[in-house]
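Here come two complexes built around chain A, the first alongside chain B, the second alongside chain C.
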Partner chain A sequence: MTPPDAVAARAASPVAAPDALAADGSAPHLHPSAKGPAATARKYYKIFRASLVERMTYRGDFLFGTILRFLPLVTTILLWQAIYKGVPGGEMAGFRYREMIAYLLLTNISRMFSSMPGLAGGIARDIRDGTLKRYMIQPVDLIGYLLSYRAAHKVAYIVTSFIPYALLFFVCRSYFDGFPDGWTLAAYAVSLILSFLVGFYFETCVGMVGFWFLEVTSVLYIVMTLNFFISGHMLPLDLLPQPWSGLLKALPFQYMAYFPAVVFLGKVKGSALAFHLALELVWAVAFMVLARGLYRLGLRRYSAYGG
Partner chain B sequence: MAIIEAEGLTKTYRVFQKKEGLLGAVRGLYRREYKEVRAVDGVSFSIEPGEMVAFLGPNGAGKTSTLKMLSGLIYPTEGRARVLGYVPWERVDAFRRRFALVMGQKNQLWWDLPAADSFQLHKEIYSLPPAEFDRTLAELTELLGVEKLTRQAVRELSLGERMKMELIAALLHRPELLLLDEPTIGLDVVAQVAIQKCLRDYHARRGVTMLLTSHYMRDVEALCSRVLVITHGSLVYDGSLTGLADRFGQTKLIRLEFADGTVPADLARFGEVTRSEGPVADLKVERSRVAEVLGAILDRHAVLDVSVSDPPLEQTIARVFEEGRRTHDAA
Partner chain C sequence: MTTIGGLARYLRLLGHLARYTLSRELAFRGNFLVKVSVEVLWLGILAAFYRTVFARTQMVAGWNEDQYFFFVGCFFALNGLIETFFLENCNDFAELVRTGDLDFLLLRPIDEQFLITCRRIDWGTGPNVIMGAAVMVASLVHMGWHFDALKFAAFCATFACGVVIAYAFMLMLTALSVWMVRNQSLMEMWWLFTSLARYPKEIFNGTWAAPLGRFFTFFVPILLVVNVPAGLVVHTLDPGMVGFTLVATVALFWVSRRFFRHALRSYRSASS
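Right after this comes the complex of A and B.
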């Protein structure tokens, strides 16, 4: 279907001898030679830093959000106070009243690491409105980018809300039996970092559903509501009757709220602690593999049906 | 070696046919009917380094689908393509570092941050050496005249300024191939001209290969010497812009100014009089009859001034599209 004058036009077109084809091969276009895992790590670290700058522009939001987050705690404390008045022996499933309040305070710390507001919804939206194309065209991986961005978000959040949190825990210090020892604290820190990864990859998997369904808000709502309960954010999983308590403790969701809190309270120790930390890592990796697989499948579908 | 080589590119979409009304919606739950839509149908062309080529076609002709295949966003149903020596839909990093796609309707920059921060991010994404990056950025902001605006939040910029920032972001890694989908959409004439000028200057400076789609014929006239016209998924013309008028423009416009101050009454028998004001008249005649008509008029009347021109490009393009539609319907 090419008319003959096309050839003439092509020959006559002002090809300004693009320097890309310079005979000596000294391409003036930038083709960075940076390769390998170190360069990749550097790239995502830089994305992390750039995102950190971006997130810091919203620090006002953070402060306000932190204060609001703790308002419901007042009612929660009053509620549990009332419940424990009717409990013989002042203990439920191994939790005394003070421990219960401490637990609920600590799940907020867990969620600070593992909750990913807007992550799944954001991925689904990117798929739907075509922002995803950016990650297909530029030499950057969507999941790697989002992980760097989230990590920056979390660091910014934790730094800016450190003072209000410290204040809160100081006010509530009577609910705690002093600080745990160094090893427990170290295990706690590891459990929190892993809970970030579990939360991140889990929500990424949920977001990938957007490749198959246009409307995901109801799916997200169900998952998030369920997660609030089965992660132990609402109450310690030990409070549930068997087999539910055992079942929920076998699921990965407990690592997003329950597990770090009980580590801090010293309720998991020794080999059980090591086992659960390892299992938490396994879940993080499993969700990562699943997220990557779903992303690959989704991209294949997206590329076949058009975006 | 050609920068873009496309051979028989075909893209078929399966479109879900939703039935009307509630009953139809319920039926759609268990039995879905699909219709095959051939968005691109056996398109072949090749583009040499340094060319500036326009992709023309009515809405839904397959321009954007073709651009998407060339940039690796979608797979073709059939056909082959090589872009910069790569198969685009394999999306290897080495390929992605060497081209850029600018979509006039899509935003790549962080909305709440100054463009400079987004540029920094691009620097990291493309792993650009700092010195090179600084030099390129300085060059581009100067070329587009936006040195003072890069520290302002993107949401506070005008549409035209934002588009300039998008262009800078796309050019920071010095792509060899620039694919532009409606780069001037929604811009006022001043901003359109500014974007055109920048693209032209950049092309002159760097010799980058450009393939653009646009609805504004001004963009095409200002930038491209070669056009590809696509209608209903098929390439109907590949050649020079002037050749397009020769091939499809069947009429010419003769403007006459008569010495006696009025337009003669018998002018209409030579062709269609499209304008008549005082001593000046526009006459539309078939190309083959221009010489004959001019001779006859000059014989009979005293003419002060005469000029012959092609009708506006829009009209020619509309005719090409129309012709494409007819052959498509007949097939």
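Right after this comes the complex of A and C.
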């Protein structure tokens, strides 16, 4: 069975469209006449707020899911404990047991920011069933709307899972050498925000493929399954033999799990850290430009069937 | 006689449903091939992961590489059966509750648990059973295993028990949707829950992990699902554990059915 991100792609819920939010009491009131950056910011803030309310509707299920999410962490810790018992010297590719567990815990935080379940599938579905035209007749930009929507989901998830995660990290504090210094923490925060942007724009690009192919679910299965491994979610990329390790570190997927974790652990420092943060920003911008370009190109051939 | 007649009727019905879903699946052959290739990819990723691990160590929790791959194959095949027959059906249950469409299934003159959990067969995950079996056979050949009829029979029996135990847990997880009107995918929930069954139970070692391992072996026996069939083939046959697995299977199936029916009684149609 494929990992959660891939199954989420399979069972992707449709992206709530602006019309759906308009039925809500806290719906955005979009005035076509409103112009300027302040009005635009207000508009996307309202989308953010409505999405947050929507996300919090199923609180019981949300909490239950969060608790279940800890089960793989427990088994992962136990598995690596068993693996390290047989490792000569107690070190694998520069990772001692404690660092490995800390790394695997931190990749969950990375994926909390960078994974976008249902995003690409939702875009492709909007294209296929014609509901994408909403974004063409309303003063809402598709990508801007989705960014606000996703940001709200992330905020809701981070807020509701903060206590369980704080508890988990408190319980697992022995795997960490205390908090890193202020600069490392700042770099870590930046790497997480950029990982959100890389993840968001990458999945948006995948979803845009729906303009050219009627069904992209199949592509999504493959991309998400592969991403689970090549982003470093399963194990640090350093453990893989060459040339795989070097190759995967040259790809943008490492920024979705591996890179933020090794930043926190202090394994990337100084000029290398600055270089990789800059490169992460470049990848985020590159995917943003690509997503915008694909959207523009796609709209030229979009026929708005159905809806 | 009535029981046997009823069983034959349900088997016939399952056959018809299987044929119907196969004809639907074959209408989208490309999609079917992609689904299979994703599972092949995932098995490849798992193989890459464990090859990386075993390149740096000889044993993991008392399992060498061949034995561990047998365990992985066993899990893959068993989970493939669960996915093929039940997972998608159970995954749809929350939506049936939310929309009220469950009414239409409850009105049919057959057992509601059978209809809800077996009505569609996901042929796309069927090859997982073959892939898992291939991994098991390859591991046994590589380790030079000699055929033992008793162990083989015990493996078949406990493998079937593993399927029933996993099904029982899935049914209970599904039934929760009646109260929670679940928004998240059961597929994800199931993936998280089965993370307990994905590794050898020997990893539950240490001051806090050993009691946890016992809890998930004897009270919430998810650890029995793969560990017992895989362990008796590549390690030793423990008759006590096999007996306990059989008892746990019957008990869990009974409890899950009661729980599911209780959940259905709490269902309030949302369609009207």
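Keep this in mind: the second predicted complex is superposed on the first by the 269 of 307 C-alpha atoms of A that agree within 3 Å, B and C clash if a C-alpha of one lies under 4 Å from a C-alpha of the other, contacts with A are read in each partner's own complex, and residues count from 1 in each chain.
Definition applied: contacts are C-beta pairs under 8 Å (C-beta built on N, C-alpha and C of every residue); 3 or more make two chains touch, one makes a residue touch a chain.
As the structure is a computational prediction, the values presented were derived from the model and not from experiment.
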Taking the superposition on A as described, I'd like to know which of chain B and chain C A:A39 touches: first, second, both or neither. first
So in the superposed three-chain picture, is A:V140 touching just chain B, just chain C, both, or none of them (first/second/both/neither)? first
Let me test your reading of the model: by the given contact rule, A:Q81 touches which partner, first (chain B), second (chain C), both or neither? second
In the superposed arrangement, does A:I222 touch chain B (first), chain C (second), both or neither? second
Considering only touches as defined above, state whether A:L214 meets chain B (first), chain C (second), both or neither. neither
Go through the superposed model and pick first if A:M92 touches only chain B, second if only chain C, both, or neither. second
When the two structures are overlaid on chain A, which partner does A:P72 contact: first (chain B), second (chain C), both, or neither? second
From the superposed pair, tell me which chain A residues show up as contacts to chain B and also as contacts to chain C. 1-3, 6, 8, 10, 13, 57
Can you tell me which positions in chain B touch chain A when the two form their complex? 11, 13-14, 39, 44-45, 48-52, 65, 68, 71-75, 89, 91, 93-94, 96-98, 100-101, 103, 106, 108, 110, 112-113, 117, 120-129, 132, 136, 173-176, 203-204, 206-209, 225-226, 234-240, 243, 246-247
Residues of chain A that touch chain B when the two form their complex: 1-3, 5-6, 8-10, 12-21, 28-32, 34, 39, 42-43, 46-47, 50, 53-54, 57, 130-131, 133-134, 136-140, 302-307
For a test of understanding, state which residues of chain A touch chain C in their complex under the given definition. 1-4, 6-8, 10-11, 13, 57-58, 60-62, 64-65, 68-69, 71-72, 74-75, 78-79, 81-83, 86-87, 92, 215, 217-219, 221-222, 225-226, 228-229, 234-235, 239-241
Which bits of chain C are touching chain A when the two form their complex? 30-31, 34-35, 37-39, 41-42, 45, 48-49, 52-53, 55-61, 79, 83, 91, 125, 128, 176, 179-185, 187-196, 198-200, 202-206, 209, 212
